[in-house]
Structures are given as structure tokens and as C-alpha cells.
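Presented sequentially are two complexes of chain A, the first with chain B as partner and the second with chain C.
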Partner chain A sequence: MTAAATKSTAHSIVEASPRTKAFAGGLVILYAVITILPLLWIVATAFKSQSDAIAYPPKVIFEPTLEGYVNLFTVRTRQTPDFIAKLPPPQTWYDQLVRKRDMVIAGPSKVVPRFVNSLIIGFGSTFLAVFLGTLAAYAFSRFRIPLADDLLFFILSTRMMPPVAVAIPIYLMYRQLNLTDTRLGMILLYTAVNVSLAVWLLKGFIDEIPREYEEAALVDGYTRLQALRKVVLPQAVTGIAATAIFCLIFSWNEYAFAVLLTSGEAQTMPPFIPFIIGEGGQDWPAVAAATTLFVVPIVMFTVLLRKHLLRGITFGAVRK
Partner chain B sequence: MAQIRIENLRKSFDQFTAVEGSTFTIDDGTFFAMLGPSGCGKTTTLRMIAGLELPTEGKILLDGEDVTFHRAAARDIAFVFQLFALYPHMNVGENIGFPLKCQGMARREIRERVQETARMLRIEHLLSSKTSKLSGGDRQRVALGRAMVRRPKAFLMDEPLGALDAEFRHLMCGELRDLHDRIKATTVYVTHDQLEAMSMADQIAVMNKGRVEQIGTPQEVYDRPASMFVADFIGSPPMNFLRFEGGLRSGDRAVSFHDTSLAVPEIREDRANAPLALGVRPEHIRFADAGAVRGEVFGAEYLGTTQIVTVDTAYGRVAARLPSSASVRIGETIGLEFNAARLALFDIGSGLAIRTASEEGPRHG
Partner chain C sequence: MTTILQPDHATIPGVSKPGTSRTARRGHGLSDRTIAWLFVAPTIALLLAINIFPLIWMIRLSFTNLNLSMSYLPLRFVGLDNFRDILTDEDVWFRLQTTAQFVISSVALQVVVGFGLALLINRQFRGHSFWTTIILLPMMLSPAVVGNFWTLLLQPQIGPFNYLISLFTGVPPSSFSMTGQVSLAPWTIVLVDTWMWAPYVMLICLAGLRSIPDYIYEAAEVDRASAWRQFWSITLPMTVPFLMLAVLFRAIENFKMFDMVNLLTSGGPGSTTELVSISLKRAAFEKWRTGYSSALAIILFVTVFGAANIYVKTLNKVKQR
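Our next item is the complex of A and B:
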């Protein structure tokens, strides 16, 4: 049989046909649009004026303004036009913008410290959870631990109830320990919630790394810790990155505990954002601006670790 | 290079005993194979010698020094793993140089030693390749290089050819033996493949259920197996066992096998009536009408120069190795004649060989 003579109409079972590919591509694009649209709407709203933001029907085309961002970063007081007229001319573009609305800037808002809180608490607890999780997962994976299965189940069981179910005991405990409204308290809390997830995820990844690697390193002259750091960890990078993203997403977005346990010093962004709306009526552009800023770090973190994340999520699904 | 001595080594995990009180010495420069079915304790023994596992009891001496509880790194021993365990985040040269880097050797010296090792293994052209791009054989060579570069006291190898395909395994067997002859390193080689052990080793320890059943040269374990297990495990097809009952007297040159008298090598011990087994290798069987044992041909397996003919007898199925030119018809009744000088006798109760003249004959190899 010659290949040229018989033009096959059968299609490969592994290679998708062009039509299937086009359909799949279209589906992905549609899904992307549906998920990205709300984000785009938020980014756009941040550049609208207050009246444009609540206009009906919604305005797709509008005159962009930085008022939302200015409102987000400042605290303003309302003054009479006469008073404003008596003031020296505005020093900066944002002074000017605010005075047009019969207001003057009284000082910076609390958004920057709250954002810093979120960064410190989010990344701090993620680091701690992944660090502790890696050590525990390594031990569970490699050593003969008495009652290992029971211990692992206990660790998992800490995630079985929604964390908020224990909110009141934790609140009382924190009040006793003077940990309410402290960054340390929030870091410890989020670490405790995340560490069980980290142990289980990382144990899976470390189980997949053949013991022979570190045994070879042990025979060749490394200590157990050196072997862990220089031989096991480089191979577990993928799992560590995936775990770190999951942990960060949780602690970055966490709202219920943040509302309950923080009010000032250690307040993070999630409980802070709803407050913005109260300052000056319906300030949706400022809320949208805060949300946009809030989303940026996690998007950046995910994009940076994207390569690892994709492999991490599908890791172990197929044997190499 | 070093002598390795194992004394009463025992290892148990919870209720399970993996290695049971073995004692043996591996002489300096010997290629020593530990052979046995999976789960016989050979790998556990090797890992204890390496220091990757601590013994429950017993001692390990390296050149007379007790290293039983020394850290793996402190024993100056190299280990080659079945899966090679090449570090995927390092290239070939870095992999080979890794043990030297662990020791904190100067970078220039490392480079020289790596070059020298690579030359010996003929993989100089691969030094900057990624390990994931290598063929099975080259991975094996890199793993060997990583073991050699340190010039350790001994090499321990855990089924190093297990992951290669059959054709390559044969080639690497030759290479490994050649390498051993050149560097004369004490090598302990664990395998479940009798062909690997027979073709490479100076000494073979056959292990079963945590015990060493026999230690000897390949010829010794093949020709004069110390137990029914060894006789059955080594040889393909394995030794035939023909059961009978009787007593033995030292000096006898024949046994009464089911009413007929069968010539055997001179017996060197006395035995009361007990169930015994006559052990005969397939190649020591001939077809002869006058043969003491008769049976019906069940099947023939053609192997090129020889053929394996299975015969159903009153005492069980017997495999005989005949020249492939012999014509055999399935179903025909034939007589079997055994080469008396090569017969072995076993006590079925203990599974151990009964001492005969052949066991004390001239040693080969």
C-alpha cells in the first residue's frame, strides 16, 4: 500500500482536528473574557468620576480621571467656596483636583500602612507556612515516625472545620495573649491555617523525589540537612512554588479573621477596603482603585511562579 | 582499597527480620556479588555496609576498623544506585565532581579529577551535557564516574544494571568487569540476576530469607550447591530434584532409589532413614534405554545449540538439556541416565546438601 495512493480520511486519535482546536480555542477565549471582564470593569471604574461610576446605563466610554486614586490616598475636608478662594493657589495637580469639588486635603489616608500590613502578613505567613511545611513534609516522607498516619490525619483535621467556626475561641485566646491587632498575631494565625495544607501538598511532592538522590549525597559526604538543602529542595522547587501560591492566596484574601482580630495597627486590606466607601458617600472609584492595587501583588507573584505553578498542579498525575 | 568484614549482622524492622546473623569477609580487590530473590535481605545488607541503614545487631569492619555506627559520609565508600540517582539539576561534569565538592576540594583539582575519570569511562564528550539527555548506558557510566572519582575504599552497587534493557546489560556487564580489572577496587554488587553474578563476580553470596546460604566462586555455587535453595535458584532451568526415602552410610557409592541402585559420588556422612532428594542438573542427563528412571516426553524447548526436554516421570517432571540435534518425539517413553559423578544429594527436612566426594573434589577458579 502506498501512502500517496490512498488518501486517508481517518483522523488521528491523539492529534485534535483543526476544527476541534478552533472550538477549544474559542471556548478558552470565551472563558477568559468572562473571568477577566469584572477585573477590567474594576480597573475602568477606578478611573471614572463618582457620577460616571454609578451612571445608568453603565458608561463604557467616559472621561478618565485620577480622582478615585486621589480620594483613596488622601483624607479630605469639605469647605465653603469662599474659604477655598482665600487659600493660596494649589501646589499640586491633586490639590487642584480636590478643590474643584469644594474640598481640601487634610492628610494622607491609611491605605499605605494597610497595604504594607497586607504585604507583611501575607508574605510572612506564607514563608513561615512553607518553611515549616517543607521540614515537616520531609520528615514525614523520609523517616520512620511513630504514628505517622495518625499525625498526618491530625494535621489534616485542622482544616476540616471552616476556620471561622473557631473564631470566637481564637479571639478570646488572642485577647489573653495580647495578640489582637498585631501583625505577629495575624502571621501566626494564617501560618497555623496554611501549614496543614503545606505539609500535605509538599509531602506529595517530596514523596515523588527518589530517596536515592539524597542517599547518594549522604554517601558522598553531605549531612542530612545539607542533602535536604542542596539536593532535595532544588528538585522540590516546583512543589514549593505551587504551595506558596496557594498559601499566599489564602492569607492575602482572608477577610473574616481580619475583621474580627484587627482594627487599627495590623489591619489588612480586605477589611479596610469596605471602609473607603463610607468616606464621602458613594466613593466607588476609590474602592475600585484600592481593589486594583490589592490585586496587583498576587497577580505578579503568580505570573512570576507561573511556570512552576502549572507543573505543580499537574505534578504526579502522570508518571515520568 | 579495603577488606570488608561482616560479623553477625542482623536487621529487623518492627516484627520483620530482613537480615539474619550473617558473617562473611570480602577480601581486598574482590568482585563480590550478593545474589538472591527480592526480599532476601541483600539490599538491606548493602545499605548497612554503606551506612544508609543501621544494623540491629552485629558489626561491620572496614580494613579492620569498626564502622558499624559511622555516618555514611565517614566510611569512604561509594554507592551506585539502580536508578543512578544523577542529580537532574546538574550537568554530567557537575554530577561526577559532586562528591569532591562535598569534600571541599579546590575547583581546579576537581576539574582534573573529573576529566581523568571521564577519560577512563570514555564519556569526556558528555561532560557538559544535561543528564536527562543521556542514554541508559551513559547514565550508568556517569553514575560509575561519580563513584570512582573519589577513589573510595570500596564500591557498593545496588542492581546497577537493573534499569537497562537486556542487550545493553550484557555490554555493561563486560564494561564493569573490565573496569574492575583495571582499578582493582573491592566491589560489592547486589543483583537478583544470576547471569550477572556468574559472569562478573569472583565470589557469590547466595541469600535467602535474610540468610546467606552459600558463599563461593561461581563454579562452586553452580556445581556444588550447599542447599536445595541454591541449587534451585542458580541455573536455568534449575536443578532437578528426585525425591526418595532412604538411609545413607559414609563410604557408600550408591543409593537405593525406589528399588533400583543409583551410582552417586562417595557419601561422606551417615544418615538414618529420611526423605532425601537426588539433585541433577539438566545437562547431566542423557537419554538411554537402559536408564534407571523412565518417563514420557512432555515437551521440548529449542534454544539453538541445545534444547530443554521435559520428561514426566513417576518422581516428578524432569528437565534435561540435550543437543538440539537429538530428535525427540513428544509422548514417547524414554529412559534417563544420570552422570553419576555430578549428582548431588539433599536432606529434604533441612534443605541442606549431604556431603559427598564431589563436594570435596578439586576446587576450580
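Our next item is the complex of A and C:
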């Protein structure tokens, strides 16, 4: 490109000038830093002591402690210094940490069962939704189904209902079926919500696989099901994985159904985290510790999904 | 190349025509027709059981006086009384107004911030991919967890937000409360929602910007169109379908908004941020007025559904232009 040509495109959108690029980059980085600060604050709060977490003015520099994490995983009782002095010396570092606050560990907290619930309900509903979604998406993609567009729209429309509105009849129905506060009930509900996303996303992915591959397999004597298993599914693996992660993230993050339909047994993390209470209100370091542990997998998945993110959030309407 | 796709079978090449090439080897295995139904049926059955059956039940309940906290009362059909009560209740209209204000202001702010960011990121400066991923993080988080930790950030004294504001403006940090003040709380939920969802609009707009072929700008260059002119005659019109899609998704989601706001302000102070979903939750799960709240739920569903339908039609028209 000649010097004159470079000059003529200097203010063009096609290729921005170095100065424009630096300016745009600066602004975006500023926004990114502002956007990430709240998250960093929470990660930092998890390493603060109770008093540092609620200090005024807010503390940016503090002595890090694992108290928040210990408090998250344990239930403690306050004891008199005399009582603690009489106890045998602390066995572990966390015993020691707790005793400094005149407390004794009374047992494990409920965080592990809640985390396990989140995992079981998340993976269970994801597996079911992706399984059902793959079958339906394949059928919608490859066969002529009467009223296909209407069915697809019906599948999507179930997701437009406000969750609180859906929860009212579900609550009554689950009471009749003894599914209230059960993992099975939550898995079924989340599967129903996720399957609409799964069908729409997977149909897009399967549409992109050339039909010629299957047709060649059919000519070679494969049955439809064999062709699906040996030709289509291996090609769709990335799409299925991306869809699964989107479903998992939805179930992992879901709050409205969880708070309205579970109270103990099947409670997941989102309704649990805000109610991690210490002496005198929310135990912020413990809440922040739970939030950090809860968010880390999501951050990893976001990085993994980066390429398919656009597709996932628009139900496959926008593709790259 | 980026495209907006519609559920339109005509666009899919070679939709299978029964009775053509594969009839010959239908000797073994299931017929395509059977497979098609076997594959679609479980999904439809699940949705019928979990979505449609309850919906029909809810429609029935909306004509009754059912109250779960007074279930000793005989179940009575009250006709359209619940609907009349709701539509003549000033409080309900007030909640709808609060919700509309929230939806309009947060979506508008997200469009401005998101579109602006997309324009900047589209300059392809070095490291733009990394910073974009950072910006995208908030929208992937659980809205409930976000609402919860923002209450800490926004605490008048111990929270860093007020402290930062006071550093820049000199206003004492304990003199205002973002979540506790009638004048500020409606803006607080808009602010947190924008923090979370502006990246969503950004991502969709970015796809729109990248779908504009370079040669259009090159032609504009030849015609010596100014950068300003290029923006208004090329960039903006060609991104509009994408923007509208983002607005549609955000508007529906925000109309349904429950989790983030419930944890951030739980509708308060007073009822300044009591969105219609929060109001519905109170009627259904605190006052246990099941009949009444079923009717309200149906009104909400019809509203979202109707609005979305009209919007999709408009969107298709814009795309065809």
C-alpha cells in the first residue's frame, strides 16, 4: 500500500489508525478494569477477617487470613476463655484459627451438601436436556416434521414465562407428586427449561453438518441410527459440548425456582449463599468465600466457551 | 460471515423428502418417519408435563379463590373476579409502571454502553480479545449471587462504592445509601443490571459490526464520505437488526427480572423497586393467594408473549429491508 493510500484510510473504519486504536484500547481497558473491580473486591473480602471486611473506611490493604473459608465450612460455638484454656491443644490449623476468636468448631456446615446438590442437579439436568435436545434437534434438522416451525416456536416460548409464574402451578403439582424439595423434581424442572435452549442450539450445529456424509453412510448400508451415532454425533461433538456447558451454567446459576421450590434437602448454592450468617448478620468473609468458589468454574467455562458464547446467549439466532 | 438465522426450513438445503432415495434401503432399521417422531416426542412430552399442563392448571386456578394459607375455605369458582381485582388495583399498575421504567432505562443504558464498547473493540487494538473476555464475565454469573455481593459493595459505610464516590465528589460516604434511599434505589438496580448485561449487548453488536463487509466502507472511502457519514449511513443501519435482537432478549429477561433485584433491594425501600415478579412472588408465596396470583401470572405471560410476537414481526421487517 502506498503512503497516499495509507493516509486516505487513516480515518476509515476498515483499518483504524494507530492513534484511534490506542484511544479505543485505553477506553476498553478502563471499562474492563471498572467491571472487574467488584469481583476482585469479593475475592479479596474472602481473605479478610470479619472486622477487616466491615471496616470503615473499607480496607484495601489487610492481613490475609483463611478465616472466611474456615467459617464457610464449619459451624462454630462461642465459649468462655476458661473453657477453651482447659481444652487439649488444637489439632489443626483451622482449630487454632477458630480458637483465637474464642470459638470451638462444632461440626461441618451445610455448604458441602449444598454444593453437592448443585453438582447433581446441574449435571443431571444437563445430561437429560442435552440427550433429549440432541434427538429432537436431529429430527428437526433432518426430517420433514409437520408444523416444525410452530413446534420450535412452542419449545422456545416455554422459556419466555417468568419463572415465578411457572413456579406457582409447579409448586402445587410437586406437592401432589411429593417432588417438592427433591433433587429429582429440580432436575426435571431444569431439564424442561434447558431443553428449549438445547434444541435450538443443537439444531443450528447439526444444520451445519453436510448431509452428504450421512447419505454416504446410508448408501454404505448403515441404518439411520448407526449413521447418527457414527457420522453425525462425532461431527457435532463441539456443538454438543458447548450446549452442555450453557445448560450447566443455567442450572448452576438458577435462583428463582430453587428458592421457591426447595428449602433444605435439595437446596442448591444460589439460595444458600446469601444466608451464610455469622454472629450479627451476614458473615461477609464466608459469603465472599462461597461466592468465589461458586464463581471460579463459571469463569473457566466462560473462557472455554468464548467462541460459542454469542450463539449460546442468542439461542443460536446469531452465529459466527 | 455472521448471519441472523430464523427457524425457516426453506433455508436449510435438502430437507429430506420421504419416498425418495432412501426408500430402497428401508428394509432394515426404523423408518425415518418413526425415528422423527421417536426423537421429538420425549422433548414435547416433557414440556407438556412441566410447562403446559401446569399452565392449564394455573388457568383453571385463576378463576378460583384458592388461598393456600386458608385451605380450609371451600374452593369456589369466582369467574373473572381475580382478573377484575388485578386490573382495577392501583398497586398492580404501579408495579407494572416500576417494571416498565426499569426495563426501559436499563435496556437503553445497556444499548448505549454495549454499542459504544462494541465500536471501540471493533478497532481491533492489541489484546482486544483478552479484555473482551474480562468484560463478558459479569453476564455469566448467577444474578442472585451478583445481587447479593453488590449489597456489600453498596453498603453506605463499609462498602467501597460510596467510598469511591466520596473520593471523587467529596460527598461523605455515609450520607447516601444506594439501596436504602427512595430516590436512588431504582437507579441502583439499573446500574447493577447494566454492569451485568451491557456486555451482552456488546457481544451481539460486535457480531453485527463484523458482518459489514469491508468493501462497503472502501466504496464510501472512494466517495469521500466522512467517518461521521459512514457511521450514520453504513454502520448504524447495518447493525440495527442485531441491536433489535439484543433489545428483544434483554427486554424479555428484564421484564421477568426477579433474582438479582430480590437479593439487592428485595423490592425496597418501601416498594420503590418492587418489580412485578417480586410482587407476584409475594402474592403467591408469602400471602399464598394462589387464585389471585395465577391470574396475575397469566396476565404477565400474555403481555410478554404478545409483546415478543409484535417485536419479532418488526424485526423481520427490518431485516428484509
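Assume the second predicted complex is superposed on the first by the 260 of 320 C-alpha atoms of A that agree within 3 Å, B and C clash if a C-alpha of one lies under 4 Å from a C-alpha of the other, contacts with A are read in each partner's own complex, and residues count from 1 in each chain.
Here is the rule we use: a residue touches a chain if its C-beta (ideal position, glycine included) is under 8 Å from a C-beta of that chain, and two chains touch if they have at least 3 such contacts.
Note that this is a predicted model, so its numbers are computed, not measured.
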First, second, both or neither for A:P169, with chain B first and chain C second: second
Contacts of A:A216 with chain B and chain C, given as first, second, both or neither: first
First (chain B), second (chain C), both or neither touched by A:N178: neither
Partner chain in contact with A:T80 - chain B first, chain C second, else both or neither: neither
First (chain B), second (chain C), both or neither touched by A:Q91: neither
Most chain A residues touched (candidates chain B, chain C): C
Touching partner for A:V299 - first (chain B), second (chain C), both, neither: second
Which of chain B and chain C A:V231 touches, first, second, both or neither: first
Contact residues of chain A, present in both the chain B and the chain C interface: 215, 218, 221, 223, 226
Chain A-touching residues of chain C, taken from the complex the two chains share: 2-9, 12-18, 21-22, 25, 28-30, 32-33, 35-40, 42-44, 46-47, 49-55, 57-58, 61, 117, 119-128, 131-145, 148-150, 152-153, 157-160, 163, 173, 195, 199-200, 203-204, 207, 210, 214, 217-218, 221, 226-227, 230-231, 235, 242, 245, 249, 252, 255-256, 258-259, 263, 277, 280-281, 284-285, 290, 293-294, 296-298, 300-301, 304-305, 308
Contact footprint of chain C on chain A as seen in their complex: 8-9, 11-14, 16, 20-22, 24-25, 27-29, 31-32, 35-36, 38-39, 41-42, 45, 53-58, 132-133, 135-136, 138-145, 148-149, 151-155, 157-158, 160-173, 188-189, 191-192, 195-196, 199, 204, 207, 211, 215, 218, 221, 223-226, 249, 252-256, 259-260, 270-271, 273-274, 282, 284, 287-288, 291, 294-295, 298-299, 301-303, 306, 309-310, 313-314, 316-320
Complex interface listing, chain A residues touching chain B: 210, 212-213, 215-223, 226, 231, 234-235
Chain A-facing residues of chain B, complex: 50-52, 71-73, 77-79, 81-85, 87-89, 98-99, 102-103, 146, 150
